[in-house]
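Read through the structures below before going on.
What follows is a pair of complexes built around chain A, which joins chain B in one and chain C in the other.
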Partner chain A sequence: MSTVVSAQQVSKRFRDVTALDDVSFTLEENRIHGLLGRNGAGKTTLMQIMTGQLLASSGRLTIDGRSPYENETVMSRVCFIKESQTYPQYFKVRHALESARLLFPGWDEDFAQALLADFRLPLNRQVRKLSRGMHSMLGIIIGLASRAPLTLFDEPYLGLDAVARHLFYDHLLTDYAEHPRTVVLSTHLIDEVGELLEHVLLLDQGRVLLDTTAEDLRGQVVTVAGPGSAVDELAAEYEELHREILGRYARATLRGTFGTAERARAKALGLDLEAVSLQDIVVRLTTAHARSGDATTTGTRKKETLR
Partner chain B sequence: MEDGRPIFLQIAELIENSIIDGTLAEEAQVPSTNELAAFHRINPATAGKGVNQLVDEGTLYKKRGIGMFVATGARAKLRDRRREDFAQQFLHPLLAEANKLGIDADELKRMIDRWEQGR
Partner chain C sequence: MNRVLTVTRVQLVGWQNTVGWPWLLLIMIFAVNYAVFLAIGDIEDNPTTGALISIYIVVFVTSINWITQLLPFSMALSVIRRTFYLATALFLVVQSVVFGILLFLCQLLEDATDGWGIRLRFFGLNFIDQQNPLLQIAIYTMPFILLGFLGIFVAVFYKRFGLTGMWLLSTGTLLVLAGLAVLITWLDLWDGIGRWLTDQPMAAWFVGWPVLLAALLAGAGYLTIRRVTP
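Showing the complex of A and B:
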C-alpha cells in the first residue's frame, strides 16, 4: 500500500480567515476516500491545494512525493472535477470531451461514449446552454473517462436527479473495480455514498476531526435507547455525542467500542441498539465538536428534551 | 445493507445464507468481489473482506485465476454453527419478551404447539 497524497501541517489563510488549520493526513493509493464536512469546513480549499491551484500558507502537501504546484508531471496524473468548472464561451460538449482526451493520458474514448449515451447528454449543445444537472453530467463523464490515477470530485452532482446520481455511483464502482485508482469524493449526500467509501476524512472549521476507515467508524458509533437509568449506566463508559429524552425513556448516541460483549451487556440492561448512518455520525460529531468548542467548562453536555 | 454491524460481516452472512438454503451448492462458483460490490453498491474492498473471512474459515476456497467456490462440507458445518447460535440469537430475545409479558415457559410451549397445529 503506498501513499498518494501526504499532507503535513498544512494551513491556508486568506487575510483574516483560516480555511485550513494545521491539517495532516495521508491518502492511500487505489482507495475511494470521502472528504466530508459542513459548508466552509475547508474541503474545496484542500482540494485546490491538492491539485496545484492554490499554494498552502504553511506546511507541505505532496502528490506521489512531489509538490503539485506548477508541476506538469504530477498534474497529468490528476483529474479534478469541481462544481464551478467553466469552459470557453463557444465550447460545445464535444469540445470539452476533446480537450479532456488531449489532457489525460489514460482517457478511454469508448467509455466516454458509453457514459454519454447513458446520461443522454447531447454532444453538440453549447456547454453554457446546458442545464445545471447536465453540466454536472459532463463533469462526471470527464472525471470517470479520464481514468486519472488521482481523481477528485468536488460536489459533482449539483442539479442531478436521483436516477443520474445512481448512474454515477454504479459507473464509479464498476469502473473503479476494473481500473483501480485513487478517488476523492467530496459530498453532502453522505447517506448515498457512505457504503462506497473505504476511508473517511472529516473536516470541521479547517481541522481534521476524523481520519478513519468507514468500516471502523460504523462499529464505533451506536445509538442506544431504553429506560433513562439504563442509558445513564451504559453512557458512563462511552463518549456521549447526543441525547434525547422522552419522559423516562432516553436515546443516546455513544462513541466507543461495541463488540459482541458490549452489545450483550446493552441488551441485558434492556437497551435497544440502533445503527447510526455515516451521515448521522458526521452530524453528531460536528455538532458535538462545535458545542465542546464553544463551552467554557468541559463535561457539560446539552440534553434535549422532547415532550 | 442495513443494521449496525460491519458491512463485510453482512456480506459474509448473505453468502452463508445462500449456502445453507442451497441457493449456492457446494463446489458452485460464488459471485466475484466486484460483482458483489456492484450489486450491493458497496466498496469492493469491503466485499473482499467479507469473502476473505469465508475463505479463512474454510467455507470458500480460491481457484487461482478462476474465482471463489463453495467448499465441500461447508453447508453442514455452517448449519452446525448456526444451530449453536440459535439459542443466543432467537431463544434469548423470545424468552426476554415472554418474561416481560408474564408468559411462563409452559404457556410458551403451548403457544408453540398451537402455532405448529395451526399451520
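Showing the complex of A and C:
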C-alpha cells in the first residue's frame, strides 16, 4: 500500500486561534479513513488544507508527494464534499450535477442517475429551495459519482434521515468495493460508521490524539467489570480512561495490550471483558485527554499519541 | 488550457440566468420605452433614452457574482484559483465582444427602421455614433470589459481582505485622487488638463483608456485571487 496523504508538522493559526498544532500523519491508498473529533477540533481546517483551499501556517502536507495548493494535477484527482457547501443562487439540482460531470474526469453518469433515483432528489428544483437533508444528498451524489481517487466528506449528512444515511453507507461500501479509492470521512455519528472505517484519525484541540487502524484500536481499549478490588488490581497495569462504581462493583475502561494471556488473567480475577464501541473509545479518550491536559504539559500530551 | 475551457463551460451552465438575463431585461426596458414614446406621439426631435446603460449595470453585477458565488462552487469541485480566473477572464472578454456585436446589430436595425418607426434613439446614442463599424463595436464592447474586470477585482479584493480591506482600499483611492487634485491646483495645471481631455478623440475615451484600466484591474485581480479562501 502506498501513501496518498502525508502531513508533517502541519500547523494552522488564525488570528488568535491555533486550529491545527503540529499535526503529522499519513493516509494509505484505497482505505476508508475516519477523521473524528469534537466540534472545533480542526477537522474542517485540516480538510481545507488537504484540498488546497487553505494554506498551512507551517509544516508540509502533500498528496501523492506534491502540495495540493494551486496544483491542477493533484486537484483533478480530489473531490471534497462539505456540509455547508454553497451553490450559485440560480442553480437547479441538474445544474450542479452538470457542472460536476464537466469537471470530474472519473464522473459516472449512470451511477449519478441511480443515486438520484434512490435519494428521490428532484432534478429541476432550485438548490436554495432544497430542504437541509436534500441539500446534503446533492453533495453526497456528487461525492460518490465523481469517483475521485481521493474523496473527502466533511459531515456530509446534516439533516439526512436514517434511511438516506444508510443508503449512503451502502452505496459508499458497494462502490468502494468495485472502484477502490481513498476516502476520508469526517463525522460525529461514529457508531453508524464504526464498521466502515479501516483507519481512525482522532483530533482534539488541533492535535492528533489517535492515529491507528480501527482493528488495532478495538484490541487496545477494553471495558472490564467485576468486584472493585479486582478491577483495581488490573487497572494498575493499564491506562485508565474511565470508571463507574456501583457499591463494591466497578466498571473501568482501560487502554493497553489485551492479548490472550492478559484476557486469561482478567478472567482469573473474576472480571468480565467487554468490547468497547468506537464511539465510546473516542468519547473516553477525548474526555480523559481533556482531564489530563489540564494538569500536564505539552510534552506528556504528545507521548499519549498512539501510533 | 483544456481545463480553462472546461471551466468556461461550467460558467455557461444555467446560461439563461447569467448571459440571457441582461438581454431579457434590456428587451423589456426597450418595450416600455417604445410604448411610452409611441403613446406620446410625434415629437419634434429624436427622443433619446439612456436606458442602454441597464445592460452594463447587469453585467457588472454578474461579474461580482462570478466571484462571490461561482468561485466557491468551482473550488468545491476541485478547480484551482488560477484556472478559474483565466476561465472567467476569457469568458468575460468573449461575452463582451458578443454583446458588443449584438448591440451594433441592434443599432443598424434601429437606423434602418428610422428609429423603430418612431425615430426613437435607444441603441445608437448620438455622441457615440461612429462611421467605422469596428470602432463602433469596440465602443459597445469596451465598457463591458472594464466594468467586468472592475467587478471581479472588487469582489476578489473583498473576499481576500474583508470589510476592513475594502474600507482601506476606498479611503486610499479617495486620498490619492484628492492628493492629485491638490497637486494639480497647486501647479495650476487644470487649464492644460482640460484642453488635453477635450482633445482626446472619442476612440481614446471609449477604447484606449478603458483597455489600459481594464488590463491593470485584470492584473491586480489575478495577483489577489491566488491567496483567496473560498
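Note that the second predicted complex is superposed on the first by the 295 of 307 C-alpha atoms of A that agree within 3 Å, B and C clash if a C-alpha of one lies under 4 Å from a C-alpha of the other, contacts with A are read in each partner's own complex, and residues count from 1 in each chain.
As a convention for this text, a contact is a pair of C-beta atoms (placed from the backbone, for glycine too) under 8 Å apart; a residue touches a chain by one contact, two chains touch by 3 or more.
Everything quoted here is computed from the prediction, not taken from an experiment.
Once the two complexes are overlaid on the shared chain, A:F91 sits against chain C while remaining clear of chain B.
Judged by the number of chain A residues each one touches, C leads among chain B and chain C.
By the document's definition of touching, of the two partners only chain B reaches A:D170; chain C does not.
Looking at the shared chain after the overlay, A:P122 reaches neither chain B nor chain C.
Judged by the touch definition given at the top, the superposed model places A:K82 against chain C, while chain B stays out of reach. By the touch criterion defined above, A:G65 reaches neither chain B nor chain C. By the touch criterion defined above, A:L197 reaches chain B but does not reach chain C.
Contact residues on chain C toward chain A in their complex (touch as defined above): 3, 6-7, 9-10, 13-14, 17-18, 65, 69-70, 72-83, 226-227, 229-230. Across the interface of their complex, chain C is touched by residues 48, 51-55, 70-72, 75-76, 78-82, 85-92, 95-96, 98-100, 102-104, 142, 148 of chain A. Those residues of chain B that touch chain A in the shared complex are 1-8, 33-34, 37-38, 40-46, 49, 93.
By the touch criterion given at the top, residues 31-32, 169-170, 173-174, 176-178, 195-198, 214-215, 218-219, 222, 258, 267, 273-276 of chain A touch chain B in their complex.
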